[in-house]
Every structure is written in C-alpha cells, then in structure tokens.
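What follows is subunit A paired twice: with subunit B in the first complex and subunit C in the second.
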Partner chain A sequence: MSILATSGRPPLVKTESLSKSYFLAKALDNVNIEIEKGIIVGLLGPNGSGKSTFLKCLMGLVRPTAGRVLVEGREPDVVTKAKVAYLPEVDHLYPWMSVAETIKFVGAFYRDWQPERVQRLLELINNVDPRVQVGRLSRGQRARLKLLLAMARSAPLVLLDEPLSGIDPPSRARILKAIVSEYEAGEQTIILSTHEVAESESIFDKVIFLHKGRVKMVADAEELRQSRGTSIQAMLEEEYA
Partner chain B sequence: MRIELDLAKPIYQQIIDEVKRSVARGDLKPGDKLPSHRELAQKAGVNPNTVQRAYREMEQAELVETLRGQGTFIKDNPRLLREIRTGMAHQALAAFIKEMRSLGFRDEEIRELVEDGLKGTGESVLHEIQETEVSTNEHPGNERETTPRQDGEPL
Partner chain C sequence: MSSSFWRSEYSGNVQGGSVHCTGAYWQLLSKEVRSSKLVLLLSVSAIIALDVFLATRTAKWQEELVAGLAWMPLALLHFYALFSGTMSFSQEWRGNHMHLVLSLPVRGWQILSAKTLSTFCETVAITLVTMGGASLLGLGPVATLLRNTGVAPNAVPAGLAYKLVILATALLWFSVVAVIIAVQFSYIAGRMFQRSGGLVMVWTFLLSLWGLFRLMSVVTPALRWLPDLPFQVWSNVNGLISLRTVHLDSAPFMVAALWMLALFAAGSWLLERHVEV
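Moving on to the complex of A and B:
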C-alpha cells in the first residue's frame, strides 16, 4: 500500500487494487496509489513496467481488469475526462492539418482551453511556421506541438506519457521549460512518465517507481535525495540493476 | 542569482544556500527583491513548488519576508547576516583544512602557507614545500628528511 497524499485534502487520484491484464500479460498488478492535488509526479520505470497502462486507466482509455481508479472520487467518465489533459505516447495528430489548424481543431474540444497560453507556448517551444503541415514537422517539432496541446488547457490533471522520448536534447530542454512555465503550481497535478530521468527529475515533487506492473516505491523526491545522498537517476539505476 | 544544481542533494536546500551565499557576498542586500517562484523555477529548471518551499523556510528563518502582492525581499536582519557570513567562513575554512590535510600538509605548514599567502608571497613557499613533499614520498612514514632529528625510529 502506497500513500502519496500528505495533506488533509481528498486525493485527486486514487487507485484501489488496480490490475490490468492484456490476455495473459499483467500490465498492472494490484496498484494502490493516492496522488494529491497540486504536485508534479514522475512516473518512472523501464519499458513494459506499466507506465502507459497506468495513465490510460486514469484517462479512461483502458478498463481495469480488477480494482478501481478514481479521479476526484469518480471512476473515469465524461465528467472526469473534461478535467484531464492527456498527451499520448503515440503520434495522434493528422498529418494533413497545418499547425494552426491542429491547434484550432483540438482547442475546440475543450472548455478550459487557454488561447493566451497557446501564444506563450508557441513562442516558448514551437517556433515553427503555423502554416506548415504537421506531417512535415520533425519529430522534435511534433513532440513540442503535442506538449503545447496538453499544456494549453487549464485542466486539474495533466497526464504526459513519455513527452521526452525519442527527441533531441534541445527539444527536451524546451519541453521541460514549457512545463515549468505553464504549470499552475499548487492547482494542477501533472503525472509525467519518462525514461529521461536525469533531465526531468528536478521538476518532480514525488516519484513512483513501477516494475513489472507493481509499485516498487513511492517517495518525495527531495526526501529521497536527502536520505540517499544520490540523484533519482542514480537510485533508479541501482533499483533496477 | 545563479544555481548550478547538484541532483544528489535536496534542491530547496541548494536554493537557500545560494541566497545565503549571495547575501554573504553582498550581491543581495537587505531590501533587495528575490525573483518570483515561477521566474526562479524557470531559470533553474526546477519545480515552482520546490522554490516555494525554499522561500517558506527562509521566511521562517527570518532571512526574507514576503509582502503581499509585492514579492519576497531580503530582510534587514544584521544579526542573521553576520551569522550567515560567519557560518560560511567556517564552512570554507573547514573545507580548506580538510583538503590541505588530505594533500599531506602538516598543520605547521598549513599555518605557514596561510601566513605567507596573506602577505602575498605564498607562491615561493609553496614551491619549497612541494619539493620537500616529493622527497617525503620517497620515504613514507618518515618525518622530515632535511632535518636530521630522527631518533632511530625504524622505517
């Protein structure tokens, strides 16, 4: 049993004996987690440890095989989906739309869409011609556009599935900077799954280590540094060695 | 304020230490405004919540004060500023002594070096000691080879 919530407030996210199997493979195995409001959580673990499945369960894209997921006390439905911004790991954008069209198209779905943030984010991370077709963007540019679409919303819960993977270091740095700049401290909760721990660990309040679908550790990032005297990256290498 | 992060140490503590260093050096003076949580978070690439925690602890220590709607400022607290300078001097001194001892210098030599360093003639003395140091290494465990005051101790 792992408890993240430290304040008296009800947790924003709670899972109860959450398990998910794809045929015979167990992607998540009895996960019990509470995540409080207003923090940035690093969801860490090697490939196939269940990070994406965990986020998909919160988003309501995947149904648990057993147990429950609660977002603001509700199982994922229309109400919770309006409060969750999700950056999927896969490339989900239409290649034939221009950058400007994509932003307009996606923005039209959400009530919490913030046009002034789009402007800031465009300057901060995109610097591409908005008339360019998405299909002609580089991988790093597409990753940055995906982040813009997730961070342009004022959603209470933001799920970022591997926003840094497979892109060049300058793009990664820009993405992290954009997350810090647009994050509504104390209000929004961001859960970010990543392999690039060294680059991203300075923005985490808490970290969750997953391994083979199980929670290996849940901890406060600063307390871990204090008690172990190493970086989270180094700790992770030790844990999974 | 420039913060080079060491990810093996708590980040909020490093922010506090950097403010203290800036205050001790005089780069930050009483009444000076600190960057906002978000500004500093962006600049250092850290979580705004972490900056907030650092500021909160500095408030509790009465190093800074936050004025509603105006920002966070270095407090005019001469006693604390003195304490910080003294504390940092002790830290620097302890680190220096530890380093010198680990290089094999004896307290006598360290004292001499510091004296000469303060007079601005440290370099020549250093050369001298380095030379003797080399010969000391040839006879490990031996006191001092140039002064013939061994009492027949076995090597």
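Moving on to the complex of A and C:
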C-alpha cells in the first residue's frame, strides 16, 4: 500500500513499508508515506496509534523492524539529525541546568540556530528568570521552553510530539501562535502530533490519521473539511469512536 | 528577564566551522562534569573526613594501620569508576535525557568520550586528594614499614620514589580507564535488549574483562617485538642497596590498549546506530 502526501515535489520525508515492533506489539505496521517540503502536517490518532514511534523513527531514535525511513533521501543519521528539530513528548531537559544554560547547551550543536528567534520566542516563557533551574519551572513553562528549543532553529524538518499535552488552554494558544509565527512557510516542514485537534487543526495543511500503527487516512486538511462538511476534530471522533 | 542578559549569553555563540564543533564538544563535556559533581563532592568530602579522623588516631593506633587506611580510597577507585560510569548513563535514561542527547547531531564517540573523560577526571581528582591526605599522614610510617621489613633499609632516593609513584599512578589510571570503557560498553549493550538488560549488562562486563585477560595471554606473544619499558628499582642484597633497571614487557599493555579501543569503538557504534530510546 502506498499513500502519497505530495504534490509532485521531491519528498522531504519518505517511509517505505515502515514497521516497528516491540516484541509482539506492532507500533507501526507497513507505513508508506511521503511528505513534501514546506507544509504543516497533523499526525493524529488515539494513544498507542504509533504517532510517537513514527516521529522517533524520523529522528533516528528508534530503528525500523522492517522497511525504511528517508529524510532528505538519507536514512536517519548524524547528518539528518542536524536538519531535524525534535520536541519529544517526554520531559527531556536537565532539571539542574538553568534556562539560560539549557538554551546555550542546545544552541551550541546547530548551525541553523537563530539567536534572534530565541529573543522572540522568549516571550513564551516570560517572567522567568534565566538563572532559574529547569526543574523549578512549571510543567507549562517547561513545555514552552521545549518548543523554544525546537522552533529557534531554521531546520528543514520540525517534529513536534504532543507539544500541547497537559498544557492549560491559554498556554496552548500561545504555543500554537508561536509555531505559526516562527514557521518558515514553504521552507520548513512541521509534523505535529497532537490530541488537541480542535485548537490546532486550523494550522494543518495535511493530516495523517494513524490507527494501531497503520495509516488510516492521509488527506489535505482543507479538502477534507469541505468534502465532509465538518471539522477534523469531529471526523477524528467519528473515525475512532 | 532582561534582553541584554540573553544577548550577552549568545554573543559568542555564532556557529561555524571548527569553533562550532569545539563548542559542542565542550558543552557535552561540561554537562557530564557538572552532572556528576555532587557524587564527586561527596566522595572527596568522605576522603577528607577519613583523613581528619585518621589524624586524630595517629597517637592511639599503629602508624602502619593509619597509613594503610589513608591509602584505602585508592583500593576502591575501580569501584568508583564502575559506579560513576554506570550512573552517567543510567541517569540519562531514567530522566529521559537520552532523547536530547541522541537527537543531537554528534557522533557516538563524542558522547562516549565526553562521559569517559568526565569519569576519568573524577577518578584523577579522587586519586590526588587521597595521595595528598595519605602523604600528610602516611609517608613516614610507610618508609618505616619498608625499613623494618627489610625491603628498603635505607632511604629511597627522592627522584626514584617520585618515578615509582608516577609509574604506579599511571598503571592505576590505565586500569581505571579500562574499567570505565568496559562498564560503558556493557551498559550500552544492555540497552540493546528490551528485557533482561541489567543481566546482559553484568554478563557483558564480566565477559569483556575475561576477554581482555584471554586476549592478553593469546596475543601478547605476537607482540614481543615491541620495545620494553625500562624503569629503575632498588634492590636489597644482603643489606646492600643498589639501583637496577628492570624492563617491563609492553606487549600486555598494548593488547589492553587495543582491547579498550575496540570496546570504545563498538560502544560508540552501538550508541550512534543501534541504541533506541
């Protein structure tokens, strides 16, 4: 099965019969997707549908059991890691580092790091003393700091794994606003997995529905809304009911 | 928060070329050193506390006992390397920090060498603190012991004593590096298995040490052509002290170094290409 999400341009991301198993449990099962450059893709599905595993495969943090993943034509390695910005679902920052140290630490590794973007994105975590340790930040502040670290780069591919999870509604709105404002339209590709579809669906160009590790649907977000006459949130609830 | 603060933070952070690479590696190394500073601080404090305690016992206990206890932390150095080498990885996994470390565009050897160097620096610090304390407490009694047992009835020349201490320290640190590399490789190997990873780690560690000794016995004869390492010792023949040159076979050390290099390369490769989070 081959599902294309392209419009004739060479794909930035391509998976060929991608499967990933953990013992007997299949996290991904024969996923064939092509994602073009310069769009925002919503990666949707219930818990356990394989969203995080899919993003980890693109980042090179997990290896396919079968099939392969290509990012800019290469299997994930140290070269592609320099071109991918990744925000994991888990709290991955060092709690003993200060906010300033964390930003300096991550920024030291990337040539596409944009200090001026950092300045702008700092509004996300305003009223926080840069000398405060990450471990002392609230969950929402840590989530926004994680987003800052991902969006402060002009990476061709940005992977955001549940950036809105567990965040209060005002913070969610600010996070989405920051994503849209820093997104380099036409140049960057963002793949955003989320449960908070109602708030985020307006920014998606395309959506991928995953279910039990399989691709259930790949569609243009606007066309899907028009053809079904309903929101993606409603469709999601209907599909996974 | 003031924007000037942030500007000053980033003023020297424009990446490019080797400056970028050096900065990145320095960040990795600095992170490792800082993440383990608490354990190091506690260890050093414990050694100093031991020395202070022993200083109060010099008049009450046998001076050889005090001297021996002052040097005791060095006997535990390999266990410290084992502990610290394991912790440097386990903390990363427990705290989900491996998501960050493995998503960075750095080679496995860079991550591993930063951890190795950091743990090695800790053991160097512990060695120096132990030696410092023991020198204050225990050098006199050690000399007395050597005299009384007839090993060195007269004073050993200072220059020779320093050389012997340096040689002994170098051998100690060499073996410590071997333990660090073996435990790091074992931890990474254990992480390759979703179940029984701890058991795999323990067995890998034991097998890597067993492999080292087996390799030393098998390969050493083939490396006999390597030049020996000369060093001077004193000998006591019928109470007559003289210096003589002893030649240390360098082949086993070369085998051990190659074995460490192979384990380090394998660990780096596994970390970069196969470990999952």
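Things worth noting here:
Assume the second predicted complex is superposed on the first by the 231 of 241 C-alpha atoms of A that agree within 3 Å, B and C clash if a C-alpha of one lies under 4 Å from a C-alpha of the other, contacts with A are read in each partner's own complex, and residues count from 1 in each chain.
Heads up, the rule we're going with is that contacts are C-beta pairs under 8 Å (C-beta built on N, C-alpha and C of every residue); 3 or more make two chains touch, one makes a residue touch a chain.
This one's a predicted model, so the numbers in the text were calculated from it and none came from an experiment.
In the superposition on chain A, contact is made by A:128 with subunit C only, not with subunit B.
Of the two partner chains placed by the overlay, only subunit B lies in contact with A:176; subunit C stays clear of it. With both complexes superposed, C is the one of subunit B and subunit C in contact with more subunit A residues. Once chain A of one complex is fitted onto chain A of the other, the partner contacts of A:240 are absent, as it touches neither subunit B nor subunit C. By the document's definition of touching, of the two partners only subunit B reaches A:40; subunit C does not. Once chain A of one complex is fitted onto chain A of the other, the partner contacts of A:222 are limited to subunit B, with no touch recorded for subunit C.
In the superposition on chain A, A:232 contacts subunit B only, with no contact to subunit C.
In the superposition on chain A, A:111 makes contact with subunit C only, not with subunit B. Interface residues of subunit C, counted against subunit A in their complex, comprise 1, 3, 5-7, 9-10, 13-16, 20, 23-24, 26-27, 31, 34-35, 95-100, 102-107, 194-195, 272-274, 276-277. Contact residues on subunit B toward subunit A in their complex (touch as defined above): 5, 7-12, 37-38, 41-42, 44-50, 52-53. Of all the residues in subunit A, the ones that touch subunit C in their complex are 22-23, 56, 59-63, 77-79, 81-82, 84, 86, 88, 90-97, 100, 103-111, 113, 115, 118-119, 122, 126-130.
Subunit A makes touch with subunit B in their complex at residues 38-40, 173, 176-177, 180-181, 183, 185-186, 198, 201-205, 222-223, 225-226, 229-234.
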